[in-house]
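These notes concern the structure reproduced below.
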Amino acid sequence: MSAALQLTVVGLGRMGANIARRINSHIDPSTPVSISVYDVSPDAVATMAKEGFTPLSSLADLKQYNNAANPQIVWVMVPAEVTAQTIKAVAEHLEAGATIIDGGNTFYRDDIANADWLKTLGINFVDVGTSGGVYGLDRGFSLMIGGDKPVVERLNPIFVALAPGVAAAERTPGKDGAPSQAENGFYHCGPVGAGHYVKMIHNGIEYGAMAAYAEGLNLLDATRNGIKHPTAVGGHTETNYDLNMAEISEVWRRGSVVASWLLDLTATAYTEDPALAGYTGSVSDSGEGRWTVQTAIDAGTPANVLSASLMGRFTSRGNDLYANKVLSAMRKKFGGHVEAKNNQDPKKK
Amino acid sequence: MSAALQLTVVGLGRMGANIARRINSHIDPSTPVSISVYDVSPDAVATMAKEGFTPLSSLADLKQYNNAANPQIVWVMVPAEVTAQTIKAVAEHLEAGATIIDGGNTFYRDDIANADWLKTLGINFVDVGTSGGVYGLDRGFSLMIGGDKPVVERLNPIFVALAPGVAAAERTPGKDGAPSQAENGFYHCGPVGAGHYVKMIHNGIEYGAMAAYAEGLNLLDATRNGIKHPTAVGGHTETNYDLNMAEISEVWRRGSVVASWLLDLTATAYTEDPALAGYTGSVSDSGEGRWTVQTAIDAGTPANVLSASLMGRFTSRGNDLYANKVLSAMRKKFGGHVEAKNNQDPKKK
Amino acid sequence: MSAALQLTVVGLGRMGANIARRINSHIDPSTPVSISVYDVSPDAVATMAKEGFTPLSSLADLKQYNNAANPQIVWVMVPAEVTAQTIKAVAEHLEAGATIIDGGNTFYRDDIANADWLKTLGINFVDVGTSGGVYGLDRGFSLMIGGDKPVVERLNPIFVALAPGVAAAERTPGKDGAPSQAENGFYHCGPVGAGHYVKMIHNGIEYGAMAAYAEGLNLLDATRNGIKHPTAVGGHTETNYDLNMAEISEVWRRGSVVASWLLDLTATAYTEDPALAGYTGSVSDSGEGRWTVQTAIDAGTPANVLSASLMGRFTSRGNDLYANKVLSAMRKKFGGHVEAKNNQDPKKK
Amino acid sequence: MSAALQLTVVGLGRMGANIARRINSHIDPSTPVSISVYDVSPDAVATMAKEGFTPLSSLADLKQYNNAANPQIVWVMVPAEVTAQTIKAVAEHLEAGATIIDGGNTFYRDDIANADWLKTLGINFVDVGTSGGVYGLDRGFSLMIGGDKPVVERLNPIFVALAPGVAAAERTPGKDGAPSQAENGFYHCGPVGAGHYVKMIHNGIEYGAMAAYAEGLNLLDATRNGIKHPTAVGGHTETNYDLNMAEISEVWRRGSVVASWLLDLTATAYTEDPALAGYTGSVSDSGEGRWTVQTAIDAGTPANVLSASLMGRFTSRGNDLYANKVLSAMRKKFGGHVEAKNNQDPKKK
């Protein structure tokens, strides 16, 4: 049995803490990992210490693990805006041969800059796009990995522990024999940046798929106050249903073409809050959705759905307001139209 | 000189009244038109009577103009939702050979039903898509016409009076000789419905072009509070301009590729209200924009821009609210994300 | 034990035949169903007869099952364009009290007309949106049902047999006790039409979600020939990966936010044909996607993603050609631009 | 009368040569400008020399105009990809106090880098977004200007000569007195970069407006082979027109809401080539359209129409191919759908 890998997790937010916990609880005993933890919040460190992880009181404590025969590994899991500075601070205390993993939501083109700088110190860099959210601790994380082959391969025991494993889904028809990496739930996509590139697009797809469900459910909801269908001049028929979204999202979970984990979560949300009364509909967005569309534009690759889903989030926060004033101003000028004081649509705010 | 055409304008709202006035003031003396007017509002009729138009006190008065040798013409210019019933009510008092013009915003496929029914009475039907809005009285109206050829040709003097005339724009290079109908500003597009079909698409284009300006001006406005451009991880540069939209819309009016009448109106609006403070940004939409996209779908013809501009209006009225609650619910479930209490965007409502 | 329900399946295409088979193989013995079958193709009937189903040689044979005490049930499963005429032909041979199920892809507003007509004969109508495709025989079908309550309830044994059952997915957290209808995979959504309405939107969502994956995978593929990112004037960096889509679609199947049945199918497709060499990219669309967007427009409900995904299919078949010629013509006129003879994009056709 | 401004135009392509010519022919005699010209192509220089412009045989010749009392001005008008290096090469031969104008299509954020570097040499920088295309020589150019106020003001005589002048369009209602800069057709938008920022968005709007016309005309064209409108199950009506696009684009030029210069050009194109037979529909795009959408994303500002119009160009070049293969693969998997061999749409390629 080889010496235990020496891993420090830096950043003990929800994701970082669960990464440490999942590795600890799922590591194969034949490939042990010794885990220490650090966070700028001493409380976060103390919590993990109580769970049995070795606490570091400062990044300088990293030095104790420097060991040319068993180079240490640091998993950086901090918010995107402090990732670069954290990597720099960590690197100060490492020796050549060590490996820094960036498991956060970093733009893949920034990885290359980070990796190039670390290379001047002889430190290896691996980017790991990490999907799974708050469910990852139990379900395992889907890992998209970029880096040099031997560097990544040495980390395999860690990835095996984190990933859901082949049993988490039925095997794809046509696949047999020993499950591949990807079937186990982690995959070395390519050189530095490739992991975050694939994760970026994963999130872009997530935006589009989420919007598809949201638009569809919006149209189900629209029947509550009636949809008027013009027939001939001045006439109309009307669609009036009072649909139960909790049940509809549930029935789609089994046997339908749109069954998905996002739908599972939607059904869960409806079970807890059938009218979605707890939400105002102001939807944030993060870097990955934006980078995906901006990269598609650089590539000259159409991404109408991903773009529309991203921009729908901007609109949810009212960022179309000035544009709409311009439209109203034009309409008033050419048609003498006055803005509606009252809603004409059943669902108008 | 032939006998004066006998025309009654039914519906004396802004458009109908101006149609009557423009014909009256611009008719070629060699092709005289005698104009009577009717509206459900006696006040509207009285106003026009003061201007010299022959008032009708009821639709039954139409009977006096029945004349097989000089069949009368009725221009119906009423809101879409009462067009069909008005046509029916008018037809009751007409004889075979008369012509009803529908100058309103009727769905072209309804024209065909209206025309077929009128045909059983021997009454002709002509659909006229009429663009020009409140400026039409002075500038003339752009007319898109559908109907049987001889029926339409008899109406030419009316169309000539209404249309802007060839001098309203520089002639298209390559065109010389006697100006065509279209160069004069009216055009017999095809059989019944073709006029409203072309007008419908005209309005669809109008939606798309309006949205293009509105989105662009929105992005000009966004510089007021700064646009953050991420550079490397955690870093950004910022665009901070305080642009003068009134001047920018003005400078584009001369020599630029985006010069247009919509831009002229935008510049006018900014001159009157530089901050667009008088508008709330709740933008109505009407049938034509909707029918255009629905027809494109029947045709299997992509219309991404027209569709996005139409749906932007729905969104301006808050009809995306439920969809956005669904997105928030999903995000909370998979990522534990809490909805932003405060704006993260400079321009958030 | 009650008398066996008398069911005839009319239309033995892939879907209809599997509906009959699944009911036969999964019916609860305590609620037996006696199944007869009919199709315009005698071969199709003969095949099913060999499997033990009672063959009908003509629709007139339906008469033998007329029984006021145990009114018969006919499941019509034929292409949309012949559904109305098939329902009419079937109804001729039924007595009052019978029930016709339309399990096809009918527009929900046509259901109402069909049901109203059947009501004049005393025949009940139930619409069943049926999702599951070629996998339904084994996995079960997701059923969205519209109709009158007692009529639908009598059919429950059939729906239970067809649906996947609660074990087909983990139960939604928060749900316990006896599984609901929806948890079993079928759901009575509301009155006539509601089943097809929900199925229509289900398919609309399907279009949007499919496009999200397709656009994302397109952008993964774009790295194969390099994506140029402008840096400063005249400069650029380049993204060059050679990504393995089969492995990436596989890794996302476990633990990631975009895990779904559509992704499972994508992984299967890549396993069989890693380069997708067997596909030309001409993508059909069917009624549901179109109706969804057209209905959203009637409702004034934005559906940007669903619309873009629908129109992407039109574009895949080249229906944007004339629009693009117009763009080229404009560009030549204002800028003297000549159309590119050669590709400037790495992936240009 | 002050000493003549010393201007050198560097880059004598279509735009650069016309800039020189327009200044020469339209300069106010009370504010003379002495114009020299340079290009990497000696032929281009020789052509202009024949027209009376002072030829430079190399950039080193710029040195002769160095004059602290009357600092020289260089208008750089070269393709975007060589702009930065040209500015650098020009600057080598200038003295402090000189001004370089970048009139090309440079990304506004690159202007700031260029200006900062020139400032270290004491050289001023002005960015001028220049719209007007091949018609600019006769119609004048619309100029959007960024830079320091005194530097820009000194150049006013040049801008006055280039701009169309107030007479090029009717004055906006509400404006009287001496016309503003913007009314003359040029406008100092703000500091360095603001000119190109406004021009960038101008082009973004241009993309959106062009697409609006193109989509609308596409739908007019679709009637040629018939549009099928489903009525009830299995039934449909059909729209069959044979519309004359040359006449329709002409009729819209006068009095309609969509009158614009782009429409003027469209009418011209149809006059020359009514069937647009000379175009294949492969449409290029340039930096401004891409930067506009990417900047909107940085700003969190929705730009659905501008994005769709940009991506429509990518699609016109076939860059949606791989995405469409993915869709076909999914459809085959879940529905057993075979790709259509023949067109189902009337207009399919």
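So that you can tell them apart, the chains are marked A, B, C and D in the order they are listed, and the count of residues begins at 1 in each.
Keep this in mind: a contact is a pair of C-beta atoms (placed from the backbone, for glycine too) under 8 Å apart; a residue touches a chain by one contact, two chains touch by 3 or more.
Keep in mind that this is a model prediction, so the values were computed, not measured.
Going by the contact rule set out at the top, which chains touch both chain B and chain C?
Common contact partners of chain B and chain C, which must touch each of the two, are A, D.
Of all the other chains, whose mean CA position lies farthest from chain B?
Computed centres place A farthest from chain B.
Could you compare the number of C-beta pairs in contact for C-D with that for A-C and name the larger?
Contact tally favours A-C.
Between chain A and chain C, what distance separates the C-alpha centroids? Give it in angstrom.
29
How many Å are there between the centre of chain A and the centre of chain D, using C-alpha atoms for each centre?
Computed value for the inter-centroid distance: 39 Å.
State, to the nearest whole Å, the distance from the C-alpha centre of chain C to the C-alpha centre of chain D.
Centres of chain C and chain D (C-alpha means) sit 46 Å apart.
Residue numbers in chain C touching 2 or more other chains?
133, 211, 213, 215, 218, 222, 230, 257, 261-262, 268, 296, 298-304, 308, 311-312, 314-315, 317, 319-320, 323, 334, 344-345, 347-348
How about chain D: which of its residues touch chain A in the complex?
Those in contact with chain A are residues 257, 285, 290, 293-294, 296-298, 300-304, 307-308, 310-312, 314-315, 317, 319-320, 323, 334.
Would you pull the chain A residues touching chain B in the complex into a rising list?
For chain A paired with chain B, touching residues are 14, 80-85, 106-107, 110, 113-114, 133-135, 210-211, 213-215, 217-218, 221-222, 230, 232-235, 261-262, 265-266, 268-270, 273, 276, 279-284, 287, 304, 308, 312-337, 339-340, 343-345, 347-349.
For chain C, which residues are in contact with chain A within the complex?
These residues of chain C touch chain A: 108-109, 131-133, 136, 139-144, 163-166, 168-170, 172-175, 180-187, 189-191, 193-194, 197-198, 201-209, 211-213, 215-216, 218-220, 222-223, 227-230, 237, 239, 241-244, 247-248, 250-264, 267-268, 271-272, 292, 295-296, 298-306, 308-309, 311-312, 344-348.
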